[in-house]
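What follows is one structure encoded as structure tokens, with my remarks underneath.
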Amino acid sequence: MGLEIMDDVRRDYIYDLVRGGRREDGRAFLDYREIKVERDIIKRAEGSARVKMGNTEVLVGVKLEPGEPFPDSPDKGVIITNAELVPLASPEFEPGPPNEDSVQLARVVDRGIRGSEAIDLDKLCIEEGEKVWIVFIDIHVLDNDGNLVDAAALGAIASLLNVRIPNERYGLDGGEETMVLSNKPVAVTMVDIGGEILVDPNYNEEKAALSGLTVISNPDGTISALQKYGNGSLSEDAVTEMVEIGIEKAGELRRTFLEP
Amino acid sequence: MKEEGLELIKGGKRLDGRSFDELRQIRIEVGVLKRADGSCYFELGDNKVIAAVYGPREMHPRHAQDAKMAVLKYRYNMAPFSVDERKRPGPDRRSVEISKVSREALEPVIIKEYYPKTEIDVYVEILQSDAGTRTAGINAASVALADAGIPMKDLVSSVAVGKIDGEIVLDLNAVEDNYGEADMPVAMIARRNAITAIQMDGCMTRSEFEKGLKMAMNACQKIYELQRTALIERYSEM
Amino acid sequence: MGLEIMDDVRRDYIYDLVRGGRREDGRAFLDYREIKVERDIIKRAEGSARVKMGNTEVLVGVKLEPGEPFPDSPDKGVIITNAELVPLASPEFEPGPPNEDSVQLARVVDRGIRGSEAIDLDKLCIEEGEKVWIVFIDIHVLDNDGNLVDAAALGAIASLLNVRIPNERYGLDGGEETMVLSNKPVAVTMVDIGGEILVDPNYNEEKAALSGLTVISNPDGTISALQKYGNGSLSEDAVTEMVEIGIEKAGELRRTFLEP
Amino acid sequence: MKEEGLELIKGGKRLDGRSFDELRQIRIEVGVLKRADGSCYFELGDNKVIAAVYGPREMHPRHAQDAKMAVLKYRYNMAPFSVDERKRPGPDRRSVEISKVSREALEPVIIKEYYPKTEIDVYVEILQSDAGTRTAGINAASVALADAGIPMKDLVSSVAVGKIDGEIVLDLNAVEDNYGEADMPVAMIARRNAITAIQMDGCMTRSEFEKGLKMAMNACQKIYELQRTALIERYSEM
Amino acid sequence: MGLEIMDDVRRDYIYDLVRGGRREDGRAFLDYREIKVERDIIKRAEGSARVKMGNTEVLVGVKLEPGEPFPDSPDKGVIITNAELVPLASPEFEPGPPNEDSVQLARVVDRGIRGSEAIDLDKLCIEEGEKVWIVFIDIHVLDNDGNLVDAAALGAIASLLNVRIPNERYGLDGGEETMVLSNKPVAVTMVDIGGEILVDPNYNEEKAALSGLTVISNPDGTISALQKYGNGSLSEDAVTEMVEIGIEKAGELRRTFLEP
Amino acid sequence: MKEEGLELIKGGKRLDGRSFDELRQIRIEVGVLKRADGSCYFELGDNKVIAAVYGPREMHPRHAQDAKMAVLKYRYNMAPFSVDERKRPGPDRRSVEISKVSREALEPVIIKEYYPKTEIDVYVEILQSDAGTRTAGINAASVALADAGIPMKDLVSSVAVGKIDGEIVLDLNAVEDNYGEADMPVAMIARRNAITAIQMDGCMTRSEFEKGLKMAMNACQKIYELQRTALIERYSEM
């Protein structure tokens, strides 16, 4: 009960601030928190990245293993995206099998990559119908101060930028090979607080907002995934405005963190 | 999605003869189950879906209760025989996500404050699937909630739009979904154009997205009328 | 507590009625409720049937998939019968893995089909020791007003009457083929209420009865499965009488619903 | 079941030399475990089974308690090495069903009203299996319940009958079960011919069924005497 | 609460006894309870043993099945050791998947066997890279009066003494073959109670002790496994003394129960 | 372990150039996570480990509470990408055992009586693994507990010793662990030589064991100093 009252107090505080044109951490409505991306920090992984977005911290590792293709696409590699909300990262996360939050996080990141055809699955066939590369994208959340999806999606693409194909480990021909990345989808998440659109919500803003939207878009301005969150509704105008902002902010993030 | 090689549009018509903004056949039956507090059978083309509602009823375990309002639960489940390759019983990642998105699609219309400490359970069974099951499920659930007498501000209506052969079209069937370029399910409170769910995957430009959203909004108005009519018929019978 | 008292009241009411020679819904002791069987209603399934038995409603779907044979019967197909008591069908059903009720329902239906050799498993071999047809019989309960087993067993046989073998879907030779059904076992369930035998118990009768028996029998009058239920006991006379009634009622159901 | 090709009866005798209505060797030991409140080791031919009883003890979780009586639980479990092909640990569908049927076989004799809100746990471990484990388990459990001092109206005794080479015979062993035509486990309160469990699968005519049922009933009388004797010996020792 | 007080009373009683140089069951500090080992009691198993150690009773069964080797040791057999603390054996054991106690029990026994190279895995290859023997060592606890690990480890080695390789059952050449046992590791567990070392703790001693140590050693005096238990600590001296005692007591057990 | 064929010691040095009793590089950062009550990042050579501590906080479910003291929980978890072959998410038997042993390694220093009915949760994530992860985890956890302000009598320090090419050496890396003859992780309260965890597997004589134990004890003194220094630096910053 005490906790619920705290929730209400926090929510009122966030709304009051926004009504006054401000955010808890002093940012402008359309600003991201400070972002740091470090790549190739996990030796054992074929690709990896640690993304800090303010106090939110996510580690993404990419592993490749030979495995069976799906029966209906015998000459294509397979992407498996998985997110673990390990209890280290938040007092609210509990040990156990994936719940709806971790499933949604993984699936939204996954859809962004699939929708944009960032990974060329045709190039991941080892032996048609028998053996293809399985690309495991594992999202490991270390500190949750909100907006896990943008951090995870950015970490996933950063991890994929320079993935070594482990031919040697599995006794396969091919030598030193790098997986080609064909596209660079970037996720931008916004919430609606009292009619205002806030980019990159922190934990308290996320909790306070009734609705949010993630927009994943590509360098050519196309959208490859959308996902609305929350128990509230959004007007048509809000959604189209969020899509516009999302595409623009994605371009900024891409230029800063994903270009050579 | 996004497979090439099959022509999905010929002579301005889709393979099943529909025009771009045409819904599949819809059939709605209210109150089809005896044990449930409310229920609805919903056909959308070859999709056959049943929704049942139980509650408000006491919530277990108690520590999950909300002292101020009812808790809404939603379980989307595919019958093993509803798809070409038998689906293993039990929840998978897809159904877990759909359940969450569908619940959030309905939350805005449910007046949960009337029944603190209780739960309202929505169960949606997909008996036959042909793309669009989540939208059919939300439509069925919305009617079943009304049939159960759950206090609601309005109905929620849902439909998908997508992109096939470069065109934005309404309500993709399975072939269109498999060989098309994008799919975007939308749910809304049709009478006030409030979007309660939106998902998309594939590839759309901004203008395609905006065109698709409008198409979905128009279709939701039609679906809303069908839902309303089904409920009125049901209650005028009684 | 309140609920338990309701149980007692309902039980007393059912017993009082039976003592007076009556049933809650006006039927004679040996009568079934109204039965409707619709076949081939699920396109995606190789066979399907919806059975309504009064307010009880069960949907059964049959799917065939190629799979591995059991090591000790390398040239035989495999039957897997599964029942889901989905929470849509009753306030008492809970989501989750199969419990003892759903397991028992599936196994009794399964034993009736196996015991009667209704499916000729020898004809379901694709390649000895490598690949055989797996026949999945999935029982999906939609509305539980008692006697699920008779409805499920009837639905299973009705579904199996005309099963297409999906050779084409799996790239196998054989063209348009139909699975042969060699026998037509039918389940008849009875309960003992105060010494009286009631056929086709509805939900309240099922709850009130201390003991029941399912008898699955074939056109030639042989029995292929029996299963007693409940926390009470049955006399030898009651059991033999139930077997006699079961065989007779099975004949009636078979003639009405399973013959051309 | 129902495999052809092996002759199971020669010269009016079964492969192990038994006549049609002959039980396998039975050995009963009462109170074989120290930690359990009651226990019984039961051998039936090559079946080796132990039953333990704990309770009446406080039931968890509380919401599963019955305010008017004790709740009986029964867990049938096969040791991984009890069968030719190693059994994976943990319950499977077969053991879940056997546990239910066995519990219901014992329910009619337990006086549960003495211990409201408690549970009585029966655990049956199959250490070596040779067909008939569920009947051996029920016999062992019945004695273990008595050994634990659980108030009972009577003992329950159990045996299977079956059909091999067209003949109705008592107490099938594994070869007979694998190559026979039908198997019918029965449990009863032997002193008053009250049947508390019956299952059958295979193929029997009505008259074969009736003959088999009588054979099982006679055998249960014998098993009852052995159970009783084992309990008396145990308590006269003490 | 009542139970917790009983725990305290029992603990004080055990400590008082030990302070007076005594144990609950009258043994000397370094004595085992009476031990009985019966071998080959389970027909269906390739090897088996029942070990009674006072009131503790453990049944171990060994099964061999053909299966796939691990990718990194394609010509070696596989050992899988599993322990089930079935609820029959103790009011504290609950049905369900392995918990930390059963996992630890199995893994300590397993390490003793592996560390001592008791099973020659090279001899268990059937077809390199394809098929090897999987040796399942299943520990089935029947009665828990403490020190399960010594009983289980003794039962495991006794079971392995004379294991038949079931070539015939799996249609393999090789006829009547016996698995060779290359070493005989024996586990000895001790607890520290008030500074005294007690061998073979019974249930009450185990509960009362803050720390314990299992020492698994071989005929040549080498140690193949150690495992400390409990919420307390042990001094260097206590550990080295326990190792010394463990090696000596293992010799005694080995001579009595594992030699022809 | 115990594979032959690779020479692990050349010219009195190990393959990575270390002498027999030399630790790998250690790096400790305190308070690296914002949401946790205490945290520590610990590098041991190529091992990268984070520990977080939450609590003391109310324990659920209530019936698991201890009325007299806090309950310590410990969860060791490997990230899927921390090893060469991807580790499937979720606990396996190895991580269940390591969690138990690690918890018991820390129990002796925690003053649990101050916080009855609560739980203290220690979560250890292995981000990159190179043999020795459980010892790195215990070291990290010990510092994170202190950072969380959990009342402790002392710190716990941990390291493994092992046997490679017949020599007793300190702190095995992955190659040494894979091709070596024995591995013995030890945890202790370094300031009073109290051993709180010890495990061993492989093959050691008694004198090798004693030599290894002394080597581990010396190394734990060094690790203790590093842990202490890291904590002091952290708190002098503040």
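Which chain is which? They are A, B, C, D, E and F, in the order written, and residues in each are numbered from 1.
By definition in this document, a contact is a pair of C-beta atoms (placed from the backbone, for glycine too) under 8 Å apart; a residue touches a chain by one contact, two chains touch by 3 or more.
The model shown is predicted, which means the values in this text are computed figures rather than measured ones.
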| item | value |
| --- | --- |
| Intersection of contact partners for chain C and chain F | none |
| Smallest number of contact steps required from chain B to reach chain D | 2 |
| Taking each chain's C-alpha mean as its centre, the one farthest from chain C | F |
| Chain whose mean Cα position lies farthest from chain D | A |
| Geometric centre distance via CA averages, chain E-chain C, whole Å | 48 |
| Approximate Å spacing (C-alpha centroids) for the pair chain D, chain F | 51 |
| Distance from chain C to chain B - Cα centre to Cα centre, in angstrom | 32 |
| Per-residue overlap in chain A, given as positions that touch at least 2 other chains | 98 |
| Order around the closed ring of chains, commencing at chain A, then chain B | A, B, C, D, E, F |
| Chain F contact footprint on chain E (complex, rising order) | 1, 4, 98-100, 103-104, 106-107, 111, 114-117, 213, 218, 221-236, 239-240, 243-244, 247 |
| Touching residues (chain side chain A, partner chain F) in the complex | 42-45, 48, 55, 57, 59, 61-63, 65, 82, 84, 86-91, 95, 97-98, 136, 138, 140, 142-145, 169 |
| Sites on chain B touched by chain C in the complex | 33-36, 39, 46, 48, 50-52, 54, 57, 75, 77, 79-86, 89-91, 121, 123-125, 127-129 |
| In the complex, chain F residues that touch chain E | 1-2, 67-68, 93-94, 96-97, 99-101, 104, 107-108, 182, 184, 188-189, 193-206, 209-210, 213, 217 |
